[in-house]
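Each of the next two complexes has chain A plus one other chain: chain B in the first, chain C in the second.
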Partner chain A sequence: MRLEPKPAPSLATMLAYPIGAMAATFVISSLLVLAAGASPFSVFGLVAKGAAGSQFALLETLTRATPLIFTGLAVAVAFRAKLWNIGAEAQLYAGAIITVVLGTGLLPLPAPILIPLIMVVAMAAGALVLLGPAILKTRFGVDEVVTTLLFNFIMLLFVSMLLEGVLKDPMGMGWPQSQRVIAEAQLPRLIPRTRLHLGFLIALVAAVAVWVIMKKTTLGYEMRAVGHNPEAARFAGIPVNHVLMKTALLSGGLAALAGFSEVAGLKGNLTLDLSPGFGYTGIVVAMLAMLNPLGVVLAAIFVAGIFVGADAMSRTAGVPSYIAQVMVATSLLTMVVAIMLTRFRVRWR
Partner chain B sequence: MPSEVRRVGQISRGCRGEPSRPIALGDCPASRERRDRANHYRCSMTSDSTPVLRIANVTKRFGLLVANDSISLELGKGEVVALLGENGAGKTTLMNILFGHYVADEGTVEAFGRMLPPGDPRAALGAGVGMVHQHFTLADNMTVLENIALGTQNPWSWRLDRSGARARIRQLATDFGLAVDPDRQIAALSVGERQRVEILKALYRDARVLILDEPTAVLTPLETEGLFRTLKMLVARGLSIIFISHKLNEVMAVSDRVLVLRGGRLAGERITADTTRQELAALMVGREVMSPPVAPVVRGGELLSLDDVSTAARAGGSALDHVSLRLHGGVITGLAGVSGNGQAALAALLAGALAPSAGTMRLAGAAVSDWSPRKALEGGIARIPEDRHAVGSIGDMSVAENVIAERYRSAQFSRHGFMDWKAARAFAEELIRDYDVKCPSPDARIRLLSGGNMQKLILGRALYPDPVVILANQPTRGLDVGAVAYVHRRLLEARGRGAAILLISEDLDEILALSDEVRVMFKGKISEPSPRGERSIQQLGELMAGHGMGEAADAA
Partner chain C sequence: MIEAFEILFTASFWVAAIRIASPLIFATMGELICERAGVLNLGIEGIMVAGAFAGWLTVYLGGDLWTGVAIAAMAGAMFGLLHATLTVPLGLSQHVVGIGITLLATSLTYFTYRIVLPEVTSPPRIASFQPLPVPVLSEIPVLGPALFNQTPLTYLAFVTVGVVAWVLYRTPLGLAVRAAGENPSAVEAQGISVTAIRTGAVMAGSALMAVGGAFLTMSAFNSFFFEMINGRGWICIALVVFGSWRPGKALLGAILFAAFDAYQVRLQQITGGAVPYQLFLMMPFVLSILALVVMSRRAAYPKALMIPYQKGER
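Right after this comes the complex of A and B.
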C-alpha cells in the first residue's frame, strides 16, 4: 500500500469527505450501542433530540459549544503554523485564574470597563503560558507537544494549590473553590432564564476575527507559510521564529478566553472541574473544522451537541453517556483519515 | 598484500600463470602489468561465459527526463566494473532498478543467469547481490553483530544465535581484512569501520556481487587504501564488484573495466588498462559544448566581495575555508565542483541563510552585519535556490502566495498589516505572462506545476524588479531542454543589464556555456578564476578532483 499525492480537491470532495467521516463515525459507534443492547437508530435519535430537540436543548448545546469555540480557535491557529499546542487546557485555566483574581472584588469598576479589562489580562496570561514552550521550541528545539501537554498537569496542580490557599473561598465550607465573581464581572445572559451568555457572542466575534487574521493580514500569510514549509518561508525572508511567537501569543490568548467565559458567564467561580477537557476537545474541534476558523464554530456546536445529547439520551435509553466520548474520539480519527484522503490517493498493490 | 591472496587471485583469473601485481593507489599509467591483468580478464570471460550480472537495454523515464537510456552492463565473475559519471548521470537510477526500487520502462536484469522480477527489492538480495550505500543503513544503538545478523534469523526463533553469528563474522573479518569487533556499538565506530560493517553485512548474507555506491566519499585516504585492499581480496575469492564513483584516480586504481554514464546514456566503455584519466574525464563531462550566443563581457564595478570568509558547514558539505571572491557587474562567474565541496555553504551565505564566522562580506562596498535572508533581499540579491521544491516554493500555497513571498511586506502587496491580494494576483498574472508559465490560474497550488514552470516562477520572483547580484544555484537541474535554454537566456539578459551573477552548477557544459570566468570549488576553497575558454574540461576535471588546488590538493 502506498500514498500518492492527488491534485487539488474540488469543493465537492472537500465537503464530501467530512460528511463521509461523520457517517463512518456513526457506523462505528453503532457497534458499541449494539453491544450495550440498544438500537442505534433510537439512541442516535435520542442524542439528536437531546441536542437540538427543543429550545432548551439547543441553547444548552450552544452554551456548551462556547468554550469549545475558543479552544478550537486556539488550536486551529496554532496548528495552522504547525505549532502543536496541546496545552489549551492549561491556557484555559490561566484565563480562569485571572478572571477570579480580578473579578472577585479586587477592582471595583463598572462592568463595561471591568469585563474588557479582565479579558485582556486573561488573554495575556494565556499567551504567557504558551510563550514558554514556544521559546523552548524556537531556541532549543524542545518538542512543544511534550511541553504544552505536560503544562496542563502543572497548571491543574497550580490551580489546586491556589484553591487550597490564597484563592480559597472562606465561605466555601472547606471545598476547594474560589469566591464568586462580583456582578460587574459577570457576562449577562443572552436570553433571560437560560444559561446562554454573552460569551457565545464573543466567541462568534473571535471566530470572525481569526478568520480575517488568517485570510487578510500579513500575519496570517506568514503563519500559513511557516506552517506549510518553514524552510522555504525562512529562505524567502519570513522571520519564522517571530511568527511562531506571535502564533503562540494568539493561540494562548484565545484558549484563555474559554476559561474567562466559563467563569464569568456560567460557573461564577473557579473549581478544579471547571473544564471537563475543553482544551483537549478543542483539538478535535479544530481538526473537524479542518483548521478553518468559521468551521470551528460549526464543529464546536456539533461536538457540544453530541455531549449534551448523549447526557439526555443516557437518562432515557440506559446507554452510558460515555458513548459521547467514543463518538467524538471516533469522529477525530475518521476526520484525520478523511483529510488525508483529500490530499492523497491510496494505491493498493 | 599478503601472498596467499595473490595466489588465490592467480588461480581464479590467471590463464597465463603470471602473477598479477597489486595496483598502487593513485594515478598510475597504463603499465605492462595492467595490460596483462586486462588480458587475464578477457580470457576468463571467454572461459566462463555467463556473466554474474547482466543488465540489458534498461531504459527509465521520469516524465520528460530520460534517466537511463538503453543501458547495458555485464559483470563477469571476479571482475571489478567501475560505473563512472557525474551527479545526475543515471548511476543511482540504474542501481535502483537493479534492486527493484524502480521498475524499468524497458530492459531486463539477470543475476547468475536468472531473470530478476522487476519491482521486487528482495529479488536482488536473494540472488546474492549486496549493496553498500553511500549513506549507511545501520542502527546506531545496536552492536555490530546485531546489525549484521538483523533480518537473517528465522522470524519465529526465540533468540539470536550470538555465538554462531560471532564466529561467522570473525571468520569473514579475517578472510577479507575487515577488522571490526562484533560486540561494539555502531555509535562508537568510525566512518571507515561502519563501512566495513556494511560490507560484512552483505558478505554475511552470502553476497556474490557487491555494489559500492561512492564508497570513498566518506573515507580518509588511509581508509580508502584499506578498502581497496579488501576489494582485491573479495575479487580474489571470486566475488564481483560494481564500483560507483566520479573520482577518476580511484576508478583507475581499482577497476578492470569502466562504464561511463553521461546524461542517462552510456557514453563509453573502456578496459581500464587501455585508457587514461584524460580520456575518461572527457567521456564523463562530454566533449561537445553547445554555446548560446554570448555578447562580449562589459565588466562593471565590484558588487559583492568576500574577503577571507569562513563559515560553518552546510548540508553535509564542506564549510567555507578562508574564501575570497569578487563578483563584478555584467559578469557571470561560474562555480564548478563536485557537490559537497562547500557550494551549499557559499550559496547559503549569499542567500542570507548563513552568516560568515570569519572574514568580511561586502555588498556594494559596505560590509554586511546581522546577515539574514531579508537583509540579502534588501541588498538586491536575487536567489535561485538549489531545491525548488523544498526551499524555493511552498507547495501547498497558491502561485500568487508564492511569488510574493519575498516582498509581501512591501507597499505593493500590503498596507497596515493587511494583504492586498488583488495586487498579489495581478503580479502573479504578470509573471505568468512574462515568463510564459503554463499554469491554470494564480490561485492554483504551486506544487501542481511542472518543474520547469515552477522554476520560471522562482526565476521571475527573484529577478523582479532588477537585482544587483544573482545567485543561481543549480538553476537548470532536472529541467527539460527548452526550460534550460529559457533560464540561460534570462540569466544572460540579467548579465546584459549589469547584474553580477554567481552560477553554481554541477553541469560543466552549463558552466562553460554561460560563465565569463570559471572558478572551481574543492574542500571549501575556491580556485583562481580563469577567463572564458582558458581552462579545458580536462583541466577543470583535474581541479574538481583536487589536483592543482594548492594546499587543498595535499589533503585530497
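Right after this comes the complex of A and C.
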C-alpha cells in the first residue's frame, strides 16, 4: 500500500473523516460497555444526560472544560511548531503554586490588581518550566518529549514537598494541602450558586488571543513555518530556535493558567490531586481540534462532557467511569488517522 | 558518612539493585529493539501498565506464573501491533500515536480492573515468583545473592539482553532490523519489507515492555495497583539513549540506575527525615534528564528514527 497526497480537500471531506473518527470511537466504546454487561444505548444516553441534560449538568461540563481549554491551547500552540510539549501537567502545577504563594495573603492588594498580577507571574512560572526542555532541545538536541514527561514527575514531587513543608496549611489536620487563597484572589462565580467561574471567560479570551497570534501575527506565521519544515524555515531566514523559545514561553504560560484558574476559581487551595491529568488530556483536546485554537474550546467542552457524563453514568449504570478515559484515548487515535485521511489517499496494490 | 559508604558493601543493597533493575532491563531492551528498527515507542509506559495487569490477572484467575508472563507478552504485542499499524504503513506521528497508546493501554487496564474487581479497595495478592538460588554461585559473598539468588524472571531479564544482542549483531534478521533503522531503502533493495521488519520489531519490543511491567506484579509487589509503573517507562527511554542504542551498555545503564535508586532509599533511612524524602524520589527523574544531556553530544541516533518509510520514495 502507499499514500498519495490529495489535492486540496473539500469541506465535506474535512468534516466527514473527523465525524467518522468520532463514530468509530463510539462503536469501540460500545463494545466495552457490552463487555461490562450494560446496554450501550442506555449508557451513552446517561452520559449525554449527565453532561448536558440539565442546566446544572451543562454548567458542570463548562467548569470541567475550563482547565482543558488552557492545556489544550498550550498543546495546540506547541504542536503547531512541532515542539512536543507533553509537560502541560508540570506547567499547570507551576501556575497553581504561584497562585497559592501570592494569593494566600502575602500581597494585601484589591482583586482588580491582585488577580492580573497572579496571572502574569503564574504564566511566567509555567513558561520557565517549559523553557528548560526547550533549551535542552535547541542547545543539546535532547528530545523534549522525554524531558517534559520526566519534568511532570519531578514537579509533582516538588508540589508534594511544598505541601508537606513551606506551603502546608497549619489548620489542615495534617493533610498535604495549602492554605486557601484570600477572597481578593478568588475568581468570582459567573452565575451565583453554581461552580462556573470567571476562569471560563478568561479561557475563551485566551482562545481568541491565541487564534489571533497564530493567524494574524508574524510569530504565528513563523511558528507554522517552523512546524511545517524547520529546514525550509531556517533557509527562509526564520530564526528557528528563537521561534521555538517563544513558542515554549507561550505554551508554558497557557498551561500555567489552567493551574491558576483551578485554584483561584474552583478549588481554593493546592492539593496533590488538583489535576486528574488535565495536561495529558490537553493533548487529546488539541488533536481533536486539529490544533485550531477556536476548535480547542469546542473539543475541550466535548471531552469535559464525556468525563462529567461518565461520572454521572457510573453512579447509576454501574459501568466504571474509566470508560471516559478509554473514549478520550480512542478518539485521539481515531482522530490522527482521520486527519491523515483528509490529506492522503491510501492506495492498495 | 562512613555509614553512607558502607551501604555499598552490603549484600541486601545489591540484591535490591538487581531486583529494581530487572523490569527496567526488559522494558529498555523492548524500547531499544523498536528504536533500532526506526520507531520511537512512547506507548511504553501504558504497555507496562497493561503487562503488569495482564500478568497479575492471569495468576489471580488461577493461571500459573509462566502463563501469566506469556499473556502479558501477548497483550504487549497487541498494543505493539496497533502502534505499528498506525506509525509504520500509515506513517502517523510517532509522538502522538505513542502518547495515545499509553493513554489507551492505561485507561483500558483501569477499566478492566474495575470490571473484574468492582468494589475492592486493596487489591488482592497473588503467589508470585520466588527466589531460585543457583547452587554454589549464590554462596559468593555480596555478589552471590545479588546475581544468583533472584527470581526466575530476573534471570530471564539477563538472558533477554544476551538474546537481543545476539539477534541484533549476529543474525540476518538483526541486520535487517538495524538497517531498517539506519537506511530503510537498502532493506527494501534486498527484497525485504521494511513495513514487516518494523512492525515485527515494535511487536517484539512491546512484548518485552509488557513483561517488564509484569515483573512488578509477579516478582516484586505481588499485587496490582494504579500508578505502579510511575514513570518507569519514560526512564527506560532515557536509558536507551544513555546506552547509545547498544544492549550491553543499556544493561549497564539500567543496573547503575537501579543501584542509585536502591542507594537513595537507604540514604533516606540514614538521613532520618532531615532532607525531604521527595528530593530522593526526584533523583531518578533528574538523573535521567542529566543522562540525556550528557549523552546527547555523543548520541548516535539510528538515522531513520522517527522517519516514516514509503516504498519507492527517495
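Keep this in mind: the second predicted complex is superposed on the first by the 349 of 349 C-alpha atoms of A that agree within 3 Å, B and C clash if a C-alpha of one lies under 4 Å from a C-alpha of the other, contacts with A are read in each partner's own complex, and residues count from 1 in each chain.
Here is the rule we go by: a contact is a pair of C-beta atoms (placed from the backbone, for glycine too) under 8 Å apart; a residue touches a chain by one contact, two chains touch by 3 or more.
Given the structure is predicted, the values throughout are model-derived calculations rather than measurements.
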* Touching partner for A:L15 - first (chain B), second (chain C), both, neither -> neither
* With the two structures laid over each other on chain A, which partner does A:V326 touch: chain B (first), chain C (second), both, or neither? -> second
* Partner touching more residues of chain A, whether chain B or chain C -> C
* Asked: Does the superposition put A:N229 against chain B (first), chain C (second), both, or neither?
  -> first
* Report for A:Y221: first if it touches chain B alone, second if chain C alone, otherwise both or neither. => first
* To do: Using the touch definition from the top, say if A:I238 reaches chain B (first), chain C (second), both or neither.
  => first
* **Which superposed partner A:A23 touches (first chain B, second chain C, both, neither)** => neither
* Contact residues on chain C for chain A in the complex? -> 42, 82, 86, 89-93, 95-97, 99-101, 103-104, 106-108, 110-111, 114-115, 118, 230-231, 234-235, 237-238, 241, 276, 278-279, 281-282, 285-286, 288-289, 292-293, 296-297, 299, 310-312
* To do: Quick one: which bits of chain A touch chain B in the complex? Just the residue numbers, please.
  => 5, 7-8, 216-222, 224-225, 228-229, 231-239
* Asked: Can you list the residues on chain B that touch chain A in the complex?
  -> 351-353, 372-374, 376-377, 383, 385, 390-397, 401, 405-406, 408-409, 414, 417-419, 421, 444-445, 447-448
* Asked: Which chain A residues qualify as touching chain C in the complex?
  -> 1-3, 32, 35-36, 84, 86, 136, 140-143, 145-147, 149-151, 153-154, 157-158, 160-161, 164-165, 280, 283-284, 287, 318, 320, 322-323, 325-326, 328-330, 332-333, 336-337, 340, 346
